[in-house]
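Heads up, the thing below is written out as structure tokens.
Labels A, B, C and D are assigned to the chains in the order they are written; within every chain, residues are numbered from 1.
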Amino acid sequence: MSPLQLGLIAVFTPLVVATLLVVIRPLRHTGKPAAGLSILGAFASLGASVMLMVQSLGAHPVDVIHEVRWLPVAGETLATIGVQLDGISIPMMLVVSLVATCVQVFSFEYMNTETNEDFGRYFTWQSLFLFTMQGLVIAPNILQLFICWELVGLCSYLLIGFYWKKHSAGRAALKAFWITKFADIGLLVGLIAQYSVTETFGWDPATVTALSAAGMINVVAALYFFAVMGKSAQFPLHIWLPDAMEGPTPVSALLHAATMVAAGVFLIVRAFPIFIAAEQAMPVISVIGGVTAIAAACIAVVQTDIKKVLAYSTCSQLGYMVAALGAGSLMGGYFHLTTHAFFKALLFLASGSIIHAVHSNEMADMGGLFKKMKVTGTVYIIGSLALAGLPFFSGFYSKDLILETLFESAQHNPIFWVPFIACMVTAGLTAYYMGRVIILVFFGELGEKSSHAHEHGFAMTAPIVFLAIPALFAGLGGGQLAHLYGVHDFHFAVVHFTPVGIAASTLAFGGFAAAYAIHGLGMAGGLVNSLTPVGDFIRSAPIDRSWLFVYRSILSAGAQALGWFDRYVIDGAINAFGASLINTGERMRNMQTGRVNDYMHAVLMGILVMAAFSQVWLRLGA
Amino acid sequence: MSELLVNPWFLGFAYGFPLITVLMTVGGLATWFERRFAGRMQNRVGPSFVGPFGILQVLADGIKMMQKEDIVPRDADKFLFNLAPILPVFLVLASAATIPFTGYWDDTGQWQSWLMVADLDIGILWVLALAGLMVFPIWMAGWASNNKYTLLAGMRGVAQGVSYEIPLVMAALVPVVATGTLSLSGIVAWQAENGWLVWRFPIVGALAFILFFLSSLAEANRIPFDIPEAESELIGGVIVEYTGLKGGMFLMAEYMHTAVAAALAVTLFLGGSHMPGLSFHWALGPIWFVLKSGALFVLIYWIRWSWFRFRADQLMELCWVLFVPGSLILVMLTAVQVWVETLL
Amino acid sequence: MITPMLAGILFLSWLLIFCAIKVATTKNLVHSVFWLAGVLLLMAAVFVILGAPFLAGIQVVLYTGGVITLMLFGIMLTQRKPDTQVAMDAENRGPALATAVGMLLVLLTAIWGTPELATMTPSPQMVGASEVGKIFLSTQLLAFEVLSLLLLAAMIGTIVLVRKGDH
Amino acid sequence: MLLQVLLTVAAILFCIGIYGVISRRNAVGVLLSLELMANAVNLNLISFAMFNENGAVGQAFTLFAIALTVAEVVVGLALVVLLYRTRHNALLELASDLKR
């Protein structure tokens, strides 16, 4: 099959499934068969993506752009939509479909306590989510990307609010939806700005040149990045991400690994020509990434909820990616995006497995689970090590690359010291909080709720075991990935020692050691306790509160002013207008006799006037 | 001479006046025939004193009618009251104008229908249009008499007329669809060449014929569909207030209407003047035509004197529940058969 | 030049106009209906002269047979005998006449002020049922189907309107 | 000449219809006058069709117009019947609730 056909299969199979499930109610309400159909669609998408990947790793790399005209305006075409299959989109398609497939298979067992209707609904949204994300990945221009971007937002809203009967879930879904929408204004405005300057939605060199010539490049890049901040949960718009834990755990895995938050980073990757040309915006982006990385890691350190640790960890890792991309390293950001997708999906699914076993999110309820759940424990530890960036795990390679890139950039531009240092510290913090989770959950004394925990069935263990493979080895594909991305100055080495890498690894080991010392051996308990106020302070609540303060003080005051203006000026004008209308109406109502004949008479007189006018006009005019 | 014989204007006049005479005579004789027939059926004699077999009774009755006083009710709408009796006679005669009374095989083996006042391309439409107008005189008489019985009878008559017009038109569409022409002479010619419609379209044709026949009875207000007359409830229907010649014209028109309805059914479904193997000369045509329509005519009286009258609601139910959908289905089936035959 | 066609149409026109005036002015509503029947039949005759016999037949079947019968029904259902004489509105007659005459003047200006119309001649062929039928089922199929839908809607709407028990 | 005569007749019928529509008090009477107007339109249509090469299309459209008028009359009469049921008369001035 041709690459184009494969790409269309990968995108549209989930859409077909979702449409079937949406339209055919009885099918959706069957539950398991509907889920099976959805999983089949995901597998089809995965298969097509794998074949695409195989083709593009072959002798002739796939590079296809197929666009169809859309929105024809007065003979011209306002926009096109289509498919772009190249080294950027194909790896992402593979990641998306792989993670989505694993998540769907996992959900098949994880969600089995739901009613058939809810089960079907869940898989309907899953399929739709897969379609929208694939459509975003293959988009050949920002307009199509924007459309799918919004659809991705919608799908995550639907899935976060899956337990909509729970008040907090509804709130969380709304929060995620509104905050990302708020950020999406940036994308929309950026789109309009770009189109008004260049009359194209693309990211080709000509467009970038036109943007630069118009002096708009930094503005547009900044606007796009604002949307990325919302979508990829960058500080200070990250506040929706922890709340999004209200959704089912597999949904968190999907959101955090491959879809929702990945979309933001992917936008930077995809539109990288625009970003790389925005020389003033890039350092800011990088700094924001670094700040996000360290702030989220700090918060993660003190979390007690196993999922929230991972949520803040995602935030922090996204900060890494953004920092790398801001430093101009496509390879660093994108490489970390792919590896992170695998181990983060793994971690979420594994913690979903744990939560399913102990019926609690709190780490205090767990402990000593390794004996009960050996498989889950093993893969969880693998994932954690990868996340912490220990040597020879996948995270090591990508994170090392990021740190080295930042270090190099800092030589030229001192502002990059900020993200570099932040990321170095974060490397240690990451290891610390993951080690903390491992020790609290899998070792030590048995928690009161974990005594009945047991390993789950095939559908839940298979995906996490399978995901452990790329979590271990995906880093070894760095060379191929660089080749795919078109990054040629990157030389991959399985074993390499650089000062930065050694420092980072040392920090990671130190983090694990500290975790073991503090939580495993109980040393320095007072130190930890004394840190609690600091943790409380940097936890998300103050930031939420500051947003609320901003909202109340600025927005509310503005709203009140506007309200006064509306009530007295605009309403007053309208009331005056209305009163005059009523007055006139009172006078004119006598014209209305209420008799049909008179109305017909009026109509006919109107026709008469028109006909007479036409005759006069015709004869005098001609 | 031959040129003159195919000139439509000449034929119209040369043939129109005899046709009117013949139909009027048939209308008159029908009264005598019916009374004799009814007498036989009821085991009595019927008119038998005036003339041979009482045949001059018609004349005697006619003279009596003309002598009667012409009464117009005081509150009647005189214009309509006087117009009402004339219309049906006129309409019936007009609708007889397109019926071909004979036909023959010409030298080239084509069927030629002949002997009609006007060979209209839209003959069937003409006939149906006039049938549709037949409700006017009923309504006029019912309204104009200013009598509650006539008004009720008029309402019933109009309701029945417009209702049964639908199956009538639909059943008449069956020959149109089958033969592909609106001309009555064309329909007869088609039947002469392809076989009569009653059996040429096996079950559909026969059912359509029955539907057409029954709907014609209803249009002509014959038993079992003579609700507007309903002597027992409405003391004779819309003609209660009419005396003498005017009432006679109503009756006359009714008999003629029956005869024309029979002739139409023959034309549309029973091959008109065609008789298999026996149509080698045009002069034979009228014989077959009169024989066939005479048989239907007798059948109508047979039904009249041996059947009962429907109740008004039963009548409408029969029409809307059975006849209308049935006739629609018949038209569709005919179309299907025509289509299938084009495929073969 | 007076052709037979023109002569026939002129003759029918006088009758048409006479009947039409009767329709609009007769006090007795029932008579008005029958004058309308006259108009419709005369119109059918004009159609025949113009070479549209099929249309004339349809005109008689649908208009005279259908519409007039409906009107009669309407009168029977809604009029008491004395009411049929209360047909005109005295105070409205003057303005109505003014509007009608004004419209007539405008139309006549348009008709007689357009010289192109004078030179047009009727195309000679008669148009039978089959041509019209073919048009229904080929180029105007959509309009035909839409019309059937409209008739269905009118039927259902009428039934809903006059159904008893809703009021 | 012929066409102009036809159009003139149609115009006169139309204007008589206008007069009737405005001056009739009775709903059925208004419907009758509307019929007059519709017929005038039909006459126009068929006249133009017959003075044209493509007479069949004109006839088809006249048929459409006839069918439309029939539908209009059916609905109109239903309204008249409704008016009679609620007002016990079919005079149009009785249906002037909106004025109040």
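Just so it is clear, a contact is a pair of C-beta atoms (placed from the backbone, for glycine too) under 8 Å apart; a residue touches a chain by one contact, two chains touch by 3 or more.
Being a predicted model, the structure only gives us computed values, none of them experimental.
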A-D or C-D, whichever has more C-beta pairs in contact
C-D
So the centre of each chain is just the mean of its C-alpha atoms; given that, what is the distance between chain B and chain D in Å?
33
Between chain A and chain D, what's the gap in Å when you average each chain's C-alpha atoms?
65
Rounded to the nearest Å, the gap between Cα centres of chain A and chain B is 83
What is the distance, in whole Å, between the centres of chain C and chain D, each centre taken as the mean of its C-alpha atoms?
6
Scan chain D for residues touching two or more other chains and write them down.
18, 22-25
Where in chain C do residues touch two or more other chains at once?
54, 58, 66, 73, 89, 92, 95-96, 99, 103, 107
Return the residues of chain B touching two or more other chains; collapse runs of consecutive numbers into ranges.
none
Pairwise touch network: line, ring, star, complete, or other:
other
Touching pairs of chains, all of them, please.
A-C, A-D, B-C, C-D
Would you tell me which residues of chain C are touching chain D in their complex?
1, 3, 5-6, 9-10, 13, 16-17, 20-21, 23-25, 29, 32-33, 36, 39-40, 43, 46-47, 50-52, 54-55, 58-59, 62-63, 66-67, 70-71, 73-75, 77-79, 83, 86-89, 92-93, 95-97, 99-101, 103-104, 107-108, 111-112, 117-118, 120-123, 125, 127, 131-132, 134-136, 139-140, 143-144, 147, 150-151, 154-155, 157-158, 161-162, 167
Within the complex, chain A is touched by chain C residues 89, 92, 95-96, 99, 102-103, 106-107, 109-110, 113
Given the complex with chain C, which residues does chain B contribute to the contact?
77, 79-80, 83, 120-122, 125-126, 128-129, 132-133, 135-136, 139-140, 143, 146, 151, 154-155, 158, 161-162, 165, 169, 182
Residues of chain C touching chain B in their complex?
28, 30-31, 34, 37, 53-54, 56-58, 60-61, 64-66, 68-69, 72-73, 76, 81, 128-129
Enumerate the contact residues on chain D facing chain A in the complex.
18, 21-25, 30, 92-93, 95-100
